[in-house]
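Next up, some structures in structure tokens.
Both of the next two complexes hold chain A, though its partner changes from chain B to chain C.
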Partner chain A sequence: MRAYVEFAIKKFQNKMTYRLEFFMGILDTIISLIVYLCIYNALYGNEASVDGITLSMVATNFVISLGLSNAFHFDEFFLEKRVNEGSICNEFLKPVNFVFRMFSENAGEGLFKVIFNFIPAVIFAIFYTELCKPSGLLNVLLMLLSVVLGYIILWLISFIVQTWTFWFLSVWGIITIKNVFVNILSGSMIPIWFMPSALRRIIAFTPFESIYFTPVRIYLGELSGMDILKGMGIQILWILILMLIANLFWKKGVKKLVIQGG
Partner chain B sequence: MLLKKYMKERDKNMENMIEVRNLKKCYKIPVRSKGMAATIKNLFHRKYDIKKAVDDISFSIKRGEVVGFIGPNGAGKSTTIKMLSGILYPDGGKVKSNGLVPFKQRKQYVKDIGVVFGQKSQLNWDLPLIESFELMRYIYKIPKEKYEANLEKFIKLLDMEEFINRPVRQLSLGQKMRGDIVAALLHSPKIVFFDEPTIGLDVVAKEKIREFVKYMNEKEETTIIFTTHDMQDIEKVCDRLIIIDSGKKVYDGSISEIKNIYANCKSIEVLYEDGRKEIKTFNVNETPMNVVMENLFAKSGIKDISIIEPEIDGIIRDIYEGRIKLPALEGCV
Partner chain C sequence: MIVLKDVNKEIKGKKILRDITFHISQNEKVGIIGLNGAGKTSLLNIIAGMLRPSSGFIRVNGVENLVDNREELKNISYISGTKSQLWEDLAVKDSYDNLAKMYGINKGELKLRLDNLSQVFDIGNYLSFRPKDLSLGEKMRCELVYGLLANPNLLMIDEALIGLDVSVKHKIMKYFESYKEENQSTIIYTSNNLSEVERICNRIIVIDKGQIIYDGDIDRILKEFAPLNKVEIQLDGSVPDLGDLPVERFEMDNEKIIIEYEKNKVDTAQIIKHVMENCKVYNIKLHEPDLEDVIKKVYERKG
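Up next is the complex of A and B:
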């Protein structure tokens, strides 16, 4: 266990070494927030609310989902690079579980960016625009828990796609397509409230809604009481399903692995 | 009789650290034809060639031995090392190492081995060297005292005080290599695989690494398998030599033995008056020197001749190029 914590810490330290990237990361989140908020400002015009959704709810949705999606962006070519360079053999020569190691590194990076990109962006947004107040302290705590679950779902989806490296050797195209799906269907580009109802019904059957939208709804109080538990239950269910799929691909892939070069 | 031989063999194997029997590994290589049309066709339908990377290799290595593993590029050295270290599934044959089957009990097995790949660093690029070592401590769950004692010893032996706190990306190749070796040995593994550890290094760095490998073997009784293209490495470090070529074992024995076998093989370099050079290799047992000389002197325009005593480098080159045929290997199962 200690080794995995160390992996996360080392990645955290790694991130610290690139100062330009560090400042640019903050700027990146803030700029994209401003852009989206301006668009929705214009779209709302003088309307107080659209379909019962106020502008400040939209702003809150963006701060959480867009801010987190920037913070949760990690190196999705982690596996591809190692398989193609052949350095994956170094990984298999360690008495550690490679998948957990990969997760801890990515999580270390995610934590770094949440602290140094997301939180500054939130502070900026508080002064820049009107945000919804949380519906209670308990909701904030539950949201944080739900964010962690959302991160695991996001990570598992990426991991499954990454394991296809074993068959295709290059997964750039698939990852790009996957990211388009994730960005649109998770509501980090268009709030899920505004999706056509047919599409919304479909999204409800995908893991995408569980990534950012469930935490957003918990924060806003759209989900309360039993609904929160239900939302998190669905998140956990998705985690279990995705873990099953990931495990299948991983096991098959490793068997297929031919270490390149050398 | 057979049973007796088997029993004897089995007893002998008890002290073996590594035991390899009829190891095989094939690679499927897609056949690519030239031309646009063929490339497009390849997208949908691929043909494969089967390449036997390791073809029926057997050997055993005793505890505390240092074995040099050599062969031309693509002979199957790295593939064998990968199978021995548990990261590649063999297609056939048996491997038993440190009492375990590497690719089946990988997690258990890798705790007690160390692997150094000369071409693949395992150090953390952005952080000081010492941070990578710290990480090893947690990965292998090395007790603090042991970690500190080992680290101090290795740093001294490999002369690393100067750059231990420098980020890895600022290190020279030789420094990085030393870092990689320490990272692989901090947990005092019982078996260490070195895959071309001296590649691209200068003479001083090479010498340092050789001394260190020797030290580890003599003082810590580590079993070491060493692949290299540098014959100096082999001569200075290894007791025993295994040569493989095209996936097959062609020699297995001591270095002095191989020299003895080939001491009878002399090469003559003939320099002609027009500046042409020719190297002839012959076996003095088959063709006596005087016959060779007579043949030579019958030719005209010879400016100079010199007899070259077999150097290990030359012998190996001759084996690779097929100029020397090895006698059938005895005692290999």
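Up next is the complex of A and C:
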């Protein structure tokens, strides 16, 4: 376990060395927040709420989902690079589980960006616009837990797509398409409240809603009591399903690698 | 310690390895030599478990599938001249710290080993650099230290000295020569250079087109199959008489003479001295015996 924590810490430290990237990251998040908030400000006009959703709820949704999606952005070519270089085989000789190691590195980067990118953006947003207050301390704590689950879902989706690198030379295109799906369907571009109800019903059957929207709803108090447990239960269910799929692709890919060579 | 029996490997219809069978015991220093594409790296990858054979049996340190056994992996190290193990965008020292955590080496022990190794490979000054800011030779030395830090009992080295300059090579060779005497661990060393292998190993496996064509003592191969040394001397007019010298063959025309000889019968210096005493010499060119000749000879002997 310590070895994996060490991978996360090393990646965390590594990120510290790129100061420009770090400032640009904050700037990027803040600019996108301003753009989205301006658009919704104009759309709302003088309306207090649309479909029962107030402007400050929308703003809160964007701060959490857009802010986190920027913070959770990691190197999605981790696997492709190692497979194409052939160095993946040597990685297998390290006495650690490669997948856990990869997750640890990505999570270390994510944690770094949450602290140095997401939190400054939240602070900026508090002064810039009106946000909803959390419905309680417990909700904030549960939201944090839900955010972690959401991250794992996001990571697993990316990992599954990355494993296709064992069959395709380049996964750039697939990853780009995947990201469009994730960005739109997870509500980090259009709040899920405003999706057409037919689409919303479909999204409810995908893991995308569990990434950011569940934490947002817990924070806002839209989910309470048993509904919080249900929301998080669905997140855990998705994690299990995605882990099964990921495991399947990973095992098949590695098998192909040891049979056909790197 | 390492057992391979009837190992065959075929990738996409191409036969990479055929009927490889050998046994390497603890502390043996084995050189695997062969020309480019002979299957050296594939063989090493198969031993490490990174490539699965199409048929045959492999056991390393009592384990049949090395890559799946994390405890056993702590005892082996694979150093490759082409695939980096260091963390690309972190300081070299950080990669070592990370390795210590993976292999469960405590801080005091790490410092002890690192102090020793960084002295041997003279990398003390590079520890705070990132690998991408180092030259090829500097980086390769850091890679070697990475591979040695875990104190493996099986060390696989795949063409790790390619592209390094003579002085660096010498330093590294010297270190591995000390391994040969102190008998610390098993080494499998692949190369296409006979003289490198000669210094590090006492057993040699020659592979050609995926097959073992020689497996045995290094001294024997040098004695029986060692190719002839060759010296090319450019002359001015007069031609020497080589009558008394025990050379194997010579060719001459009015400008130069090419002499082929066996090193254990006659010294290079003796030949040059003889020629220089008798004629006017412009230029002398020495040819190291090369692997291709050895392989040819082994084939000839086999009939």
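Definition applied: the second predicted complex is superposed on the first by the 257 of 262 C-alpha atoms of A that agree within 3 Å, B and C clash if a C-alpha of one lies under 4 Å from a C-alpha of the other, contacts with A are read in each partner's own complex, and residues count from 1 in each chain.
Rule of thumb we're sticking to: a residue touches a chain if its C-beta (ideal position, glycine included) is under 8 Å from a C-beta of that chain, and two chains touch if they have at least 3 such contacts.
Please read all numbers here as calculations on a predicted model, not as lab measurements.
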Per the contact definition in the header, classify A:L240: touching chain B only (first), chain C only (second), both, or neither. neither
After lining up the shared chain so the two structures overlap, which partner does A:V148 touch, if you call chain B first and chain C second: first, second, both or neither? neither
State whether A:L138 touches chain B only (first), chain C only (second), both chains, or neither. neither
Contacts of chain A common to chain B and chain C in the A-superposed view 2-3, 6-7, 10, 13-14, 17, 85-87, 89-90, 92-96, 258-259, 261-262
Which residues of chain B touch chain A in the complex? 27, 78, 82, 85-89, 106-108, 110-111, 113, 115, 117, 119-120, 122, 124, 126-127, 131, 134-135, 138-141, 167, 195
Touch list for chain C against partner chain A, complex: 11-12, 42, 45, 48-52, 66-67, 70-71, 73-74, 76, 78, 80, 82-85, 87, 89-90, 94, 97-98, 101-103
Interfacial residue positions of chain A with respect to chain C in the complex: 2-3, 6-7, 10, 13-14, 17, 85-87, 89-90, 92-97, 258-262
Per the touch rule above, chain A residues touching chain B in the complex are 2-3, 5-7, 10, 13-14, 17-18, 85-87, 89-90, 92-96, 255, 258-259, 261-262
